[in-house]
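What follows is a pair of complexes built around subunit A, which joins subunit B in one and subunit C in the other.
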Partner chain A sequence: MALLAAFQIHHYFAHQLDLQKRIWWRFWLILLGLTLVWSAGDLITLYVAMEIVALGVVGLIALGDQAESYRSALRYLKAVLLGTLSFLIGSIIIWGVYGTVSLSALQQQIEGTGLTGLAFALITVGLVYRAALFPLHSWLPPAHGSSHAPLSALLSALVTKASFYSLARVWLDWGDLIGSELLAQLLGILGALAIVWGGWMACRQSELKMLVAYSSVNQVGYFFLFFPLIIGVSHEVAVLAKQGVILQVISHALAKAALFMAAGNLVAAMGSKYIADLSGMSRSMPLSLLSFGFAGVSIMGLPPSGGFLAKWYVLQASLLSGQWWWIPVLILGGLLSAAYIFRIFSRSFLEECSVKPIKPVPKILEIAPMVLALLAVGLGLLASTPLSLMTIAMVVTDGHE
Partner chain B sequence: MATNSLLPLWVLATSLVVAFIIFTIPEERFKLRSFLNLSAAVIKLLLVMIMTWGVFQGVFYETHFEVAPGLEFSLKADPLSIVFAGLSSVLWLLTTVYAIGYLEDSPNRSRFFGFFSFCVASTLGIALAGNLFTFLLFYEMLTLSAYPLVVHRGTQAALRAGRVYLIYTLSGGALLMLGVVMMYLNYGEMPFESGGHFQQVDVAEYPMLGFIFFLLIAGLAVKAALVPLHGWLPSAMVAPAPVSALLHAVAVVKAGVFGIVRVVYDIFGIEFAYMLGVLVPLSILASATIVYGSIRALYQTDLKRRLAFSTVSQVSYITLGITLFGPLGTIGAIVHLVHQGIMKITLFFCAGNYAETLGIHRIDELDGVAKRMPWTSMAFTMGALGMIGLPPLAGFISKWYLGLGALESGMYWVLFVLVMSTLLNAAYFLPILHRIWFRAPHPRWLSSQPVKRVECSWLLLAPPLVTAVLILLLGVFASWPMSPFSWAIFMANQEYGL
Partner chain C sequence: MTLQDYLSVLAVVLIVLGFLGFAIKSDFLRRIIAFNVMSTGALLLLAAFVQDVESTPMLTSVFMMLILVTMVLTILTLQIRNKLTSRFHQHDSEGKVDSENPR
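This part shows the complex of A and B:
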């Protein structure tokens, strides 16, 4: 798990370029929380860790210093509190029944009684809420869309992943024991709906950052296809699904951070947050647009990119397990993502417009998204190393528990 | 047998690295950019020539590494890749020269040449791909890198065409990917090997393989512009002339056809595809496309649109040749892959010259243009006559072998298709030639005599002249040992184990 954490922290340096002084303590708070999440051994630590992250995040969102940011910060707080409340009740039930909340101890003892099922469902719902899965996603776009771009990058790249990671952790440990396949299918279906709905909404946004934020809803959906493909299937399918989801998580983190940063640069340069004002930007901000494009390749799941390999594995897993109904979802999702990514491009290539004054953006701000985007693309060619690191990490934890 | 594992990578790197450098070059550094472009193109051509010579001598070129468990990235040089890589690198050099002349003083040149180089890198990647996975990788890279070229002008019409292009190609790409994933899942790693992988396969597997074949071909057919998936090609004509030239002759359309060649010969194997019974439907589709494209071309009044429908028709000759079961059909197909590219690029260069120098876009404006631009008109005539299949030009060789292939495989109705299409070709090209040479010239041009000694910029004139000469040479000296024709014979012998 330390490897996992190290890998995540690996691309933090990129954010530091654009962070201002007063956000540092919140930044470190989130970092601390995230590290705790990655390494948590029991439910209560997980709970505390997530609260720490949430605190930092609320602070970050509210930094926007506008009424809108405060509103979305409050909305986020509400979502998070409801989510963690559900999680806490679930944990308490578990504690009441088994007298322990340690994940590894529980793995041995847990059995499929009704009460445990309820607790399990509560924990799942709580985490799903925080991971912003459709239909519990409505807090995410305003929260991510209204904060500063590098912060949005941080939020969507890492914070939603924390909840997803916790959920995957719980399900991997217990899913086979008490989780019904039906619930897993349900999560998958919700994921599929999120892919379609998020993609569709992203196509309809008029603000650049809201588009990127809805793209997160769309991409988070892919994570949840993982559950039906890992519960109640053969070992082979599960391995494919795991590889797919790991790649998806990493490449989405890289690509989405790049998208937000590039979008932030574009917004700053054109002095407007609307997509309609992008026309002619390909002349003045080629580098940011190019990063946007490279990151977009990964988001669309086209080669060569981490997103493409992830899609490849998930396709294989669904074919192998006979769950062919995910295939049209994956294809449709890819086309929808292409539709919203290329909306930006076709707008920025438009030449028939009056040339607007452009506020120059420091070159250094354009470097971070480019590095991230290139990493997301490069992952599609050099996935062997991270994948084998992850596999080792998994084997180690499996042996440990 | 000697092995060389670096050369394929160098061939790709020449344009990939240049693409990145060009993006960072400021717009006004015209000379530096042109120098980089041209030197990259020349170096690439030299590398491909070295590789051609090597393959001829039996050297084995291969680069491969593991992308992820069970997935290999592999670049390989076999005769088929040499044919396609050779074509691409020669035409890239010419098109670069042409594009430098064509885009003089127009905006966004850094962006254009950057994506232009990306596009060529992807095409070379497609040519050298050693397995299905690597092919898919570069195939999609090509889809994306060609988009900024199609919409380069940034007008509403261009953006609309770009949207149409994306809808077609990305949907096709999704089908192709699904096909490739199913292939890998059921049959493992899929390197390209002549003869294919399915010589000994159980009859129970046939429906599955047939379905995969359908997915792969449906995905590839979008780019190869087979009817009814050809709609994007005529609308993509809004792109600047060098882009159309490249798109029609080597890059996008050819990538689709090349993929079909690979899938039929090197994945399924021609004999197995024959047993599977998928060749006949494909040949019917190709024939329908040939006739349909020609008929539509007849009715176009815009020069570039007529050429576009002509491409729809001509490129399907290659698909048709593949489906003719027998070595002669194969020879016809492979040779036409090269010859069609050279003829079509000549025609597009000339169309671009007419548009750029005299502002001619419609066919009825071409009256007597030969008086004003004799050299361009000569090159155009060469391309058009080649397309019709007049001996001894390049187009004749390919049509002749396609006809022989049809006889050999006993598919006599294909002969009928060939004759009919030749008549149609003549029907839509000869009136243009008549206008160019024999009609009274437009008074406007006589007053606008060229200021310089030549009719237009040398950068625009030289490329079509070179390709026009090539059309003649490839026809006359077809049996020279290094000609595309000889490579095609070599390949056909390999495929059929002769």
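This part shows the complex of A and C:
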């Protein structure tokens, strides 16, 4: 994924060598941070890793070099400052109480006292802010919408996942022990609201990239349905929910990156960022539009895409655990995503095209989104491969503990 | 009360003050200062809580790292803000950049 993004960045900015140079160190900073997040074994490392990612991200957003992008960068920084500080305070309390911040050591010691509960809540709030869950999501669309398209792809596909990954890890380790079913349900409800609100806002956007960005808010909501389905339920349900959410994370990363890159190509070609100007694009940019469609299939959750399989697992998990109230949310979310994806298409197939100059986009730029979109769709058919990879990873980490 | 208790109470007061400052004031500079007050509180909390751990060298490095992170974030924020105001000359409206998102 990162390789494809690098490929796209390289060609997208091929004519702006100066800018390209300034992108690379930020790019590697983010990758370094993400790797650290993935491999972090204690809370403080996790904190530092997230800050490293944030530094790179702020740099990337600010690269837009317009008043708007600086303003979004500041907004994002606010989320970073408050979110990670809350996380830090929570970790410090944990450190004070248990004398360690190592995640595996904590898993054996932790118990549900008041102070731990407070720390747990602080950590959760901080990470939720970073992951842009519904009431705290308002930094995300401007940040992703106003940066360059391949960069938004990187941000949307990988960076919000880092916070979610940390949160899922903390919850998987401690959730059962602290026994916060209420908090889990709350997270699920917020996720549901995010699905509906993000979808609705995406339907109402007039700019193409803002639509894709709001669709991120919508999709992040699905991740959070995960929490009520792993806390206080049978082992079988938890496994299903886990597989569902892993698939959702992967398929969303692939599909959203494809959407952003394809949207970037379309915007570059038509020289306008508004959806209303898309008419007639189906003739001049069929390939980009096709990858947009494939990625859209996964976002909507039509079979055989990865998105479908993920939602199917989540659906099954919620049925099995008797939490039927998530099902209408899933259906409504699917309908809303279909609505905003089809909005693009209904526009682009209009033929009454007022003649406008279309800047041809180099063919090479259309390859990466296509590959990503095909991967996203194909994920449903090949789901066993990533799942088995993840299972191996889980077994390995279990072995350590 | 022991020294530890005093320190943790002070830390909590600082964190709460900082948070209130962040939540109530929409002025940019005040928010940055509020953030710094908050992170000072967090560090103090660490100092108060983790006194009796034998791993002092590690603790020192953690402290330095946290101070560094706070510093870098503050510098970065000020830098971006500086660019925004100096290049685009929108002094009056920029003060409320962040206030569109009340917590």
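Rule of thumb we're sticking to: the second predicted complex is superposed on the first by the 381 of 401 C-alpha atoms of A that agree within 3 Å, B and C clash if a C-alpha of one lies under 4 Å from a C-alpha of the other, contacts with A are read in each partner's own complex, and residues count from 1 in each chain.
By definition in this document, a residue touches a chain if its C-beta (ideal position, glycine included) is under 8 Å from a C-beta of that chain, and two chains touch if they have at least 3 such contacts.
Because the structure is predicted, anything quoted here is derived from the model rather than measured.
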Superposed partners subunit B and subunit C on subunit A - clash or fit: fit
Partner chain(s) touched by A:F345 [first = subunit B, second = subunit C, both, neither]: first
From subunit A, separation angle of subunit B and subunit C (C-alpha centres, steps of 10 degrees): 160
Which superposed partner A:I331 touches (first subunit B, second subunit C, both, neither): first
Partner chain(s) touched by A:L290 [first = subunit B, second = subunit C, both, neither]: first
First, second, both or neither for A:L81, with subunit B first and subunit C second: second
Which superposed partner A:L319 touches (first subunit B, second subunit C, both, neither): first
Closest Cα approach, subunit C to subunit B, once both complexes are overlaid on chain A (Å): 35
Those residues of subunit A which subunit B touches in one complex and subunit C touches in the other: none
Subunit A residues touching subunit C - in the complex, by the definition given at the top: 44, 47-48, 51, 54-55, 58, 62, 67, 70-71, 73-75, 77-78, 80-82, 85, 88-89, 92-93, 95-97, 99, 136, 138-139
Of all residues in subunit A, those that touch subunit B in their complex: 243, 247, 282-283, 286-287, 290, 293, 297, 302-304, 308-309, 311-312, 315-316, 319-320, 327, 331, 334-335, 338, 342, 345-346, 349-352, 380-384, 387
Complex contacts: residues of subunit B adjacent to subunit A: 23, 66-69, 71, 73, 107-108, 110-111, 136-137, 140-141, 143-144, 147-148, 151-156, 158-159, 162-163, 166, 170-171, 173-174, 177-178, 181-182, 184-185
Residue ranges of subunit C in contact with subunit A within the complex: 15, 22, 31, 35, 38-39, 42, 45-46, 48-50, 53, 62, 65-66, 69, 72-73, 76-77, 80-81, 83-84, 87-88, 90, 94, 97-98, 100-101, 103
